[in-house]
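What follows is a set of structures for review.
Next, two complexes with chain A in common: one pairs it with chain B, the other with chain C.
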Partner chain A sequence: MASQAAVGAPRAGLGRKLLGPQNRNLWFWVFVGPFLLGLLIFVYIPILWSIYLSFFDARNTVTPTTFVGFDNYKFMLTDPAFLSSLGTFAVFAVFIVPVTYAFGLALALAVNRTHWFQAFYRSAFFLPTACSYVVASLIWRMTIFNGVRSGLANTVLGWFGFDNVAWLSVTHPPWYWLVLVTLRLWLQVGFYMILFLAGLQRIPPILYEAAAIDGAKAGWQTFRYITFPQLRATSVAVLVLLLINAFQAFDEFYNTLSNFGSYPPYARPPLVYLYYIALGSQQDLGRGSAGAIILAVLIGLVTVLQARFLTGRRRSA
Partner chain B sequence: MTVGNDQGRTRPGPLNRRAFFSVGGTLAAAGILAACGSNTGRDGGTTSAAAGSTEATAGTTAGTSAASSAASSPASGAGSAASSASSASGPAGAKPTLNQWYHEYGEEGTKAAVEKYAAAYPNATVKVGWFPGDYDSKIAAALLTSDAPDVFEAGNGPSIDAIQGGQVLPLDGLLGDAKDDFTQSLIERMTYDGKLYAIPQVIDMQLLVYRKSMLADKNIQPPTTFDELAAAAKALTDGDLKGLFVGNDGGVGTLVGPTLWSVGADYLTKDNKVGFTDPAVATAFGKLHELFTSGSLLLGAPTDWSAPDAIVNELCAMQWTGLWTFPTLQKELGDDFGVLPWPKFSSSGAGAPSVPIGAYGSCVAAKSQYPDAAKAFVKWLWVDQTSFQIDFATSYGFHVPARASLAAKADKLKSGEAAEAVKILQENGHAQTPLFWTPASGTAMSDAVTKIIKDGADPTKTLAGVVGKVNAELKRVVK
Partner chain C sequence: MSATVSSPQADRAAAARASTKVPRDHRIRREPLDRIGVALRTAMLALGSLIFLIPFYLLIRNSLSVRREIAGRTFTLWPETLQWDNFSAIFANDTIPFARSLFNSVVVSIVQTTLTVALAAMAGYGLARIPFRFSGLLTGVVLATLMIPAAVTFVPTFVMVSSLGWVSSLQGLIIPGLFSALAVFLFRQQFTDFPKDLEEAGRIDGLGYFGVFWRVVLPNSGAFVAAVAAITFLGSWNAFLWPLVIGQDPSSWTVQVALSSYTTSQSPNYPQLFAAATIAILPVMVLFIGLQRFIRQGYESTGSTG
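And now, the complex of A and B:
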């Protein structure tokens, strides 16, 4: 490329040189430029800005003047509420990651086996993915899991003679996890089912034929020794995605559990806590930014470790 | 089918990089597909705390008011861009354009009313912004930018951080002769360092509402102490009908102030020290846990305490709610409801019955291009135009005018339970929270109270944990 440009150089001026052969440079920027600009303005500059803010006492301002060094980080790392929000995330991840994984895989296996209406089932299960988290949260909170008899869950309990349960209000037992996990499961399981379906369809049929000839029984044995190992790449990607999504949980928590500007200390994931510090009533952008940076580093770290752990050492390849 | 081209993939060995990325590509494509509909606003970004959250706020407080009619987007938009920079120093004859922001009032007709007032102002073009959802965050974010509104309302006036950060202008002298006519506790609440930062618009109060017929059926007298209230709640509970409703969070959001006042304590003392170290406070909060677990409290109602639906639909016999629900209560229940303050804790202690009162105050942003015009408009609307003030207070929801002379004129407040409520307000009203009670202190307190009420945490120890946090905040803001 460079040499081609050099050949053209004597004839044309700097302009032609910049355009590149066949205007390739021009077209590169025409196609990439807008996205890069958007990325720069809406992602990179805000990230850099929040790193900057995290070293200042930035209350009610985005152009702070009081430099405080690592004080904000020290505060966040010793703030019991922030630490407990990380604990909340851990609990949520422990529920939602394996459950979504298992349900997504099971659905994919079922849909993959059926030959009747496969496209219909695929669409039907995928459809909730297109629903907004906010809308779904309101449905879960107000119609399915409200605490009175008119709620769907309590109506069903009523058939069996049970009393009403205030799903989102009580902490003993912590029924709110049932609400949060079912909500997210319903919203995202179809998406991961599609990923698994794609993975299943990448498995060459010859493997199953060979296994059958070798005497492997259809069902569990084939799944255990052929299907599951072949889905490894998909599984790793699904697990990484699930974990990142769990880290970023905000919408359904905020919309099911918040009350009038306050949010209970339980089931308060990191983003919700940071939202109240930085963007809600407290407007403490310095500490909020420090928390966001800590969270970003944690997500990066966990993702890298998880990918490394799950993909194993790269022996072949 | 065939064999040939799958050599690399058939072996279920460790995942190589190419396979990982090829699956990753599929994922990315599926992700784009999903993004068409899911609209969570945070595909792809891992650190965007800000990006993820802003969008979610829009749909949050749907439970706030059942009466809220249209959640249409504000007419004015965010910017004062229309008024260009040149006109800032332009000829004296040109009318400035002012942006005035309100949170969404649930009661029908309120928006049309404030637009009517704005249109009637002769000296400037006033555009009304009307914001459903998390208004406080919206204002806080807007005040950071040059798109800040010129005039806006803030619950109980601007926060101490907004005042100390220079985001709002002092409004000294705007009240003029009317100064003594305004409710003094609210003027004090919105004053810092001798300067007034907001003009109270109307007074809102919370109070206890009960169904007279239900209490009469069980031969129960309106409770005057906490124990009587708890006993009444228990006696009134009958299957799906619960005795008392204090909010879906069990009273965390509503009862902190009333509980403190019920034993003679307070958030802060007069000289701005922590005001809740009396052991009686811990006892009182401990009782709220008993109430929470008694089975006589309505929890998980489809709409929260601020809407009248629970008591109207006979989900509960007594409900903590606000004066603003009176039009609905009168329409649905007729005479079959009475009002009470939150009772004192016991007949012997230092406490007293109480109701929290608050007011939205009209403020002027420091970033306004026309600070003098904005102040003049605020004075015109909230000091001079008394007929608009009465109309705003009593024609839509039910509020008490912030000025004694107008409260005396408001016919709707003169009879029945409304008159009773005004009497309670005058005798038992407390400003909701003090100026130096910062949001961080509020969060620490509500976290602690949640643990006490819901988890049954030890009240003494848990409240002691709040003291340190509140002291740190006081040290920061009391100068």
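And now, the complex of A and C:
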């Protein structure tokens, strides 16, 4: 088809050549150009600009003049607050990733198998994914875990004779983790359940029939030898998404823990830290940029390592 | 184009049809233990789904309560008299520009959804179907941004937007979020699988690239467009970090920022705060329940790219 058009078109003129056969090149740019231009202006140039800023003293300015070399990076990597924000992320991930994974899978298995009210159950678990973190934080902070007796959590504890717990303002023990993990679990697990349900639907029924003929017991055996291995691709996708999303946690931390514009010194995940550095009173865009770049590199490394690890296991299994 | 080669879509549809014919419960032997398993599963689902609905119940209860019933000495199951006034009082409350923020959210979400879908569908179609020398390279340029965690770019993007003078403006809220590489990627997949015969038919009828896209491809991809649009709308309505960063003046707050700032303020009026939150999630709930099937399918295609 391409050669036909090329023969038909006169070979004269650079303009003709740029337009391509049937003006294809022109049409390509009409379709793809606007998006690429936006990507250039709002993703690629900002990233390059940030890399530039990260080598300058750029407080309250985007056109700095004082070159500081790697000082911003040095500051970030030795700042105990930055390092502890990475620790906060690690703790959060250790809770939220396996818990959401397990609940998402369990719900999908249960919903997939049930004969009654399947659509209702699926909707009930899926509905919270439409709620914003801001609204969820409001409910968690002011009604469920509000620390007074009429809060739902303390009411339930009261039935068993326990004292009130000030969920969000004590650090020993760090009960705020319970608040943050249950909130994100409630809001996200339906999404992962949907991914697992889709994965379950893709398993060919014939595998189960063959297993039954071979004498495999329904339940644990079929789960262990058919369902779980068949869900491998879904599992990898779910774990990678969970980890990336945990790394980017901001909304629920900010909205459950900050008060009158100030944030407690504990439980600051990386983005909350970055937000206060780059847009707090200092507007330190140099350090903020350095922090953003360090985080981007870190998350890239973690993602690659995780994918390597998860797919590596497939080969040995 | 031979009859034996079937498209992935047809395969999937066939598989779906086949799986609905086979009973959901594949087990052939039934044992007494199974009955316990079924009972446990049913109990877990019933209890779990009730627990998952509790936050919605609390939200509605609170928005119809007086303060004492929300944060008093004991738990109140349901308000004594329903305080519908809370819903009108929040609009009259001077400490939070609620009406304005609601208006901003509506504008931002609708414009952002429309333009994101339009830009991504066109780019996806161009990359999938218009032969161009550097098509592969440019696809790589788009996909590379999928690797960059969106939230980490808020500092660089803020640098750009503030130098354009767009802080606290609607364009600052809307435009940086229009270029979703994920949406382009999904559309590109979708259009690569689109039956070529249909496009050829359109071309024979004299349609050019845009005509084929607008009259043939888009009308036949309705469900997919609906899925991407619904997911984009949800994301846009619920977005918080970027609107917080850019909305430095209360006149440019979205409803999420307004709610957040009222939540963390000195002494919020609890019932009004919850009435505001109820209003804020109402549009997305209606949309979500109405378009649940499309949203689910959209998420499924997102997940399989992970």
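We adopt the following convention: the second predicted complex is superposed on the first by the 284 of 317 C-alpha atoms of A that agree within 3 Å, B and C clash if a C-alpha of one lies under 4 Å from a C-alpha of the other, contacts with A are read in each partner's own complex, and residues count from 1 in each chain.
Definition applied: contacts are C-beta pairs under 8 Å (C-beta built on N, C-alpha and C of every residue); 3 or more make two chains touch, one makes a residue touch a chain.
For clarity, every value in this text was computed on a predicted model and none was experimentally measured.
Peer 1: Using the touch definition from the top, say if A:M76 reaches chain B (first), chain C (second), both or neither.
Peer 2: It touches nothing on chain B or chain C.
Peer 1: With the two complexes superposed on chain A, say which partner A:H172 touches: chain B (first), chain C (second), both, or neither.
Peer 2: first
Peer 1: Quick check for you: in the superposed arrangement, does A:L243 touch first (chain B), second (chain C), both or neither?
Peer 2: In the superposition, A:L243 touches no partner, neither chain B nor chain C.
Peer 1: Return first, second, both or neither, reflecting whether A:A153 touches chain B, chain C, both chains, or no partner chain.
Peer 2: neither
Peer 1: Taking the superposition as given, does A:D284 touch the first partner, chain B, the second, chain C, both, or neither?
Peer 2: It touches chain B, and chain C stays clear.
Peer 1: Kindly classify A:W186 by the partners it touches after superposition: chain B alone (first), chain C alone (second), both, or neither?
Peer 2: second
Peer 1: Considering only touches as defined above, state whether A:P229 meets chain B (first), chain C (second), both or neither.
Peer 2: First partner only.
Peer 1: Of the partners chain B and chain C, which touch A:V68 in the superposed model: first, second, both, neither?
Peer 2: It touches nothing on chain B or chain C.
Peer 1: Check whether A:I45 is in contact with chain B, with chain C, with both or with neither, and answer first, second, both or neither.
Peer 2: So A:I45 only meets chain C here.
Peer 1: By the touch definition above, which chain A residues appear in both interfaces, chain B in one complex and chain C in the other?
Peer 2: 42-43, 46-47, 50, 62, 130-135, 138, 141-143, 146, 148-151, 191, 194-195, 198, 202, 204-205, 233-234, 236-237, 241, 244, 247-248, 250-251, 254-255, 258-261, 271, 274-275, 278-279, 288, 291-292, 295-296, 299-300
Peer 1: Once bound in the complex, which stretches of chain A touch chain B?
Peer 2: Listed in rising order, the residues of chain A that touch chain B are 42-43, 46-47, 50, 59-62, 81, 129-135, 138, 141-143, 145-151, 164-172, 187, 191, 194-195, 198-199, 202, 204-207, 229-230, 232-234, 236-237, 241, 244, 247-248, 250-251, 254-255, 258-262, 264-266, 271, 274-276, 278-284, 288, 291-293, 295-296, 299-300, 307, 310-317.
Peer 1: So in the complex, which bits of chain A are touching chain C?
Peer 2: Residues of chain A touching chain C: 2, 20, 24-25, 27-28, 30-32, 34-36, 38-39, 41-43, 45-47, 49-50, 53, 62-63, 106-107, 110-117, 120-121, 123-128, 130-144, 146, 148-152, 155, 186, 191, 194-195, 198, 201-202, 204-205, 208-209, 212, 217-219, 222, 233-234, 236-238, 240-241, 244, 247-248, 250-251, 254-255, 258-261, 271, 274-275, 278-279, 285, 288-289, 291-292, 295-296, 299-300, 303.
Peer 1: Can you check the complex and tell me which residues of chain B touch chain A?
Peer 2: 1, 3, 6, 9-20, 22-24, 26-27, 30, 34, 36-40, 42, 45-54, 56-64, 134, 136-137, 140-141, 143-144, 159, 161-162, 165, 167, 240, 247-250, 252-253, 298-302, 304, 306, 315, 438-440, 442-443, 446-447, 450-451, 454-456
Peer 1: For chain C, which residues are in contact with chain A within the complex?
Peer 2: Against chain A, the touching part of chain C is residues 15-16, 18-19, 22, 24-29, 31, 33-34, 37, 41-42, 44-45, 48-49, 52-56, 58-59, 62, 70-76, 119-120, 122-123, 125-127, 130-132, 135, 138, 141-142, 145, 147-160, 162-163, 175-176, 178-179, 181, 184, 208-210, 213, 234, 237-238, 240-241, 244-245, 256, 259-260, 263-266, 270, 273-274, 277, 280-281, 284-285, 287-289, 292, 296, 299-300, 303-306.
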